[in-house]
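Some notes on the structure that comes next.
Going by the order they are written in, the chains are A, B and C; count residues from 1 in each one.
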Amino acid sequence: MTTDKPKKSVSWLKSIEGRRAIGIIITFALLVPLGVAFVLPFIVMVSTALKPLKQVFAFPPTLIPETVQWQNFPDGWYGYGYVDFTTCTWNSLKITINNIIGNLVSCTLAAYAFARLKARGKNFFFAIVLATMLLPNEALVVPQYVLFSRFGWLDTHLPLMVPPWFGWPFFIFLLRQFFLTIPEELIDAAKIDGAGHARILLQIFIPLSKPALATLAIFAFIGNWNNFFGPLLYLRTPNVQTLPVCLVQYQGAYGNTEWHLMMAVATITVIPVLLIFIFGQRYFVEGIATSGVKG
Amino acid sequence: MSTKQLSRRNFLKLAAASSTGAVVGYLGPLSNIASAQDTVELTFGRHWEAAFRPRQAEYDEGFMERHPDIKISITYNTWADHNNVVPAWAAAGTLPDVIYVHGSRATPWAHEGIIIDIHDIVVADEEFNVDGMWEESVRLYRVNGRIHALPYDHGPIILGYNKDMFDAAGMDYPSEDWTMEDMAAAAIELTDADMGVWGWDGRLDLGNGGGGFFTGAWGGVHMNEDETAMTMDTPEVRAALNHWYNLTHVEGAGASGTEMEAFPNSQPFRAGVAAMGHIATWSTPSMRALANFEWDVAPTPMGPDGSRYTGAFGSGYGITPTSDKPDTAWTYLREYLSLDGMIFMWSLSGRGSPARPEGLEVWLNSDPAPPSGRYFLEAMFDYAVTGPPFQSLAAAQVSNILTREADLLRLGETTVDDAIAAITEEGNAALDSVADM
Amino acid sequence: MFRRIMRPISPSARREERIFYLFILPWLIGLILFNAGPVFGMLGLSFTDWRISLDDLQFIGLDNYSKLFADPIFWTSVGNTLYIVVGRVVFGVSFALLLAILLNQKVPGIAFFRAVYYLPTVTAGVAVALVWIWIFNPRLGILNHTLKQIGITGPPWIHSSTWVKPSLILMSMFSVGPIMIILLAGLQGVPKELYESAEIDGAGNWAKFRNVTLPMLSPVLFFVIIISVVSSFQNFTEIRVMTEGGPGESSNVMIWYLWKHAFIFLNLGVAAAVAWIMFVILMALTGLQFRLGRRWVYYEGEAR
């Protein structure tokens, strides 16, 4: 293949470059304006975090604060001495990391089985995987709460941290779809080399599915980091609470919400997440492009 | 190559972090158990936002000093979440001893056994003096004639106005002898479409409390006494709704539903672009925190025949059936909801409308109370009535219909006649469906 | 590989079957431990007069279901749901695919853009309500302000029975982040060699997209469509934060109808019945998609 390249004529190369330049222009023309819209929620959040409360609802609304109130950040984090954001953040971090690992392990195994192993009853069980995604969570809130209360798990992190080790239908389905795109020849070759399924999974599927696994990790991160209703229900003592639940503690009845403090804390906690994304995306997005399917 | 090593190292770090996390998770709850031995733990489900917790903590510390055998622990949810969490708690039998009860929830929660009948304890406790509470407030929690919870706050809804805007227009402030017609005339005069200011806030609330303000002055009554039928298909209610509808959609003196949504919290009055709005005691702290202008209150304007009427509503506390120590719970509530307790918690803090008139009197000197705050007190004594629906098991459905039709009226998407017809038909159907429960 | 026919299976096939069950065992245990109880509980409870307390429940047969079918608002909510689901899936998936393709381009600064497009996904939750007031606000919102610049008087968006559903669909386009990420991962998985050989064959951009990208992406696209349908049915946050089903009943979708019956009207039995109706509809739709999927989804390594 590489020997073909020098043969190409100069004009041919030029036309590719020309095409590429047009492509770049179109890409930017679309990405920039849409990007502005996508950044807006973040900007509103940061701008609110910098305003005094009276300016949050000032009319007409402004994006740039008239007076910048940096004090919102320490005040917000302090939580009147009754909301412990440091503890909440650690709790969220602990649960989130545990759940990402749990999901990665359990879902990879199940997805491999559903994608690549032959067994009687496979279709039946896969239908159940799908079916469990289809029942609305809002309807299961109360029965699930009753169940965990019978387990004696209330006010502990167990209802949040144990189930992820037992698979998550959405992720199993996601990984199965990715695993189905990996060419059969690779497996055949490995089988000829005498590899078992554990080795095929570890040495072929996992390295080739880095973008998919990273996607799963990101979803697990977002889902768990933002999970609100679960912790709200299962946890009661302040020192076991998680970040989303702590954040809404600034929300009061009858318009008494301290938006500026809430957004200040939200900003503080979003920034590390953003950094992980910015530095992580290069790794996860380019995972397969560089390692390729060259085997 | 290097990325691979990095990822492995990261992975190990993550693994280590998560395993310690899991261990901590296991040990956490265990270490909590040891402390409660000689003391009785009293658990609460409350809704205060962070800013008000230091006050609550101060009160509770004082209480625990007076009662060294009682230890207080609180689960806080937001006001909105509390009502979603309590049903789940109830289904699993994990309710705390004492819970916050919004006035509109008292009847369904009593019916579902989420709060217990405390009538006998309350009435027997002479020192507590339940009769010293505003009758309109206790009424909310009387289910089948028996007290199931007790109010901490209860407030009437009266007229609020932006002094700066009246001053700028060179007009007199709303007076005690204003009728709804006077109010509308002033609103029309104060409206300046070019400047984007309205004379009237534009809200229209037909549910608990608000209904009294918007239709009561005309003699409109939304439901019959025992809340088994809607009674809104009357000339009085029609006249009242036409008044508000015309003020907004014909005169353009009130923000329409669409325009109103331009404001966070949907309140042009609070945002300083409407000269008048309706205001309750409980919303004065947020007015104080957010309003960038001088404001005050006036009595609810009178109706065409010179009668005055408004709505009122509030919240309270109840004891749950899961509690194995209702007596301890009462030890707390009888102090917390006593005049002294109310003054400490809600009058001096300025937080809002204590359900005891003397408490409200003390509140008048607090920071959030407006200069003419005594009009709240006057309304409480003279003409405010707790607004339906709150006694029917279908109260939530009826409220939902009322809110929906009020929204459509504000948006100009329905007519007064159609709204009344829909409310009557659907409201009665909802009430009939619970007739035999 | 030989085709397996239904007959006593070979020892190697039996071993593979054992490995299959070993691999799905964690999921299976979790299913029984955490899901089976609540799910079957809900099915049972939908035939009772359950309000809150689980004691003294009355079996009332199909009453909850017949009550639902007789409620015109329920049917409105079914209609609203289908409207919004179709809109969200059609526009959301195409928009996400467009974004994923753009973000998959090798242009300078693409890493920055990718981060930008993840932003709403990361900041989801807290800032949402304030932001949409900013955007959809009929008088001051950025949307109508922009339209005014080009001489169009913008509609009242979510504050109008006519516009609320299109607005919700438009709003959902900003939360395509997760779908976009999946598609982007899918695009990254298309082997470069395929594009290179297509280029050698003289294929243009469209031909490459049609003959290389789409087939290679189809399993992921299939997943994305199914997930979009499911999540559009179950999407609740925007309705709760932005419209609460209004104006009137014009954005009352099934999940909001369910929530209202469960947590506002305290009719959990009715809510359970709604959940099961949603489940049946989704089951039928998903089954249909799997059937249709056989025609257009191309599995590179499918064991046939």
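Operating definition for what follows: a contact is a pair of C-beta atoms (placed from the backbone, for glycine too) under 8 Å apart; a residue touches a chain by one contact, two chains touch by 3 or more.
Here the structure is a predicted model, which means the values were calculated and not measured.
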Find the chain most remote from chain C, comparing centres computed as mean CA coordinates. B
Could you tell me which pair, A-C or B-C, is linked by more C-beta pairs in contact? A-C
Chain B and chain C: spacing of chain centres that average the CA atoms, whole Å: 36
Taking each chain's centre as the mean position of its Cα atoms, how many Å separate chain A from chain C? 16
Touching two or more other chains, which residues of chain C qualify? 54, 130, 140, 262, 268
Multi-chain contact residues (two or more partners), chain A: 61, 141-142, 146
Residues in chain B with touches to at least two other chains are numbered 87, 91, 264
If you look only at chain A, which of its residues touch chain C in the complex? 1, 4, 19, 23-24, 27-28, 30-31, 34-35, 37-42, 44-45, 48, 60-61, 106-107, 109-110, 112-114, 116-120, 122, 125, 128-144, 146-147, 163, 165-167, 170, 172-174, 177-184, 186-188, 197, 209, 211-212, 214-215, 218-219, 222, 226, 228, 244, 247, 259, 262-263, 266, 270, 273-274, 277-278, 281-282, 284-289, 292-293
Would you mind writing out the residues of chain C in touch with chain B in their complex? 51-54, 130, 133, 137-141, 156, 158-161, 246-249, 260, 262-266, 268
Residue positions on chain B within touch of chain A in the complex are 3, 7, 14-15, 17-18, 21-22, 24-26, 28-29, 32, 47-54, 57, 73, 75-81, 85, 87-88, 91-94, 263-265, 267, 270-273, 280, 282-283, 285-286, 289-290, 292
Interface with chain A, chain C side, in the complex: residues 1, 4, 9, 13, 16-17, 19-21, 23-24, 26-31, 33-35, 37-39, 41-42, 45, 54, 98-99, 102-103, 105, 107-108, 111, 113-128, 130-131, 134-135, 140, 142, 174, 178, 181-182, 184-186, 188-189, 191-193, 196, 200, 205, 216, 219-220, 222-223, 226-227, 230, 233-234, 236, 255, 258-259, 262, 268, 271-272, 274-275, 278-279, 282-283, 286, 299-303
Touching chain B in the complex, chain A uses residues 53-54, 56-59, 61, 79-83, 93-95, 97-98, 100-101, 141-142, 145-146, 149-150, 154-158, 161, 232-233, 236-240, 248-258, 261, 283
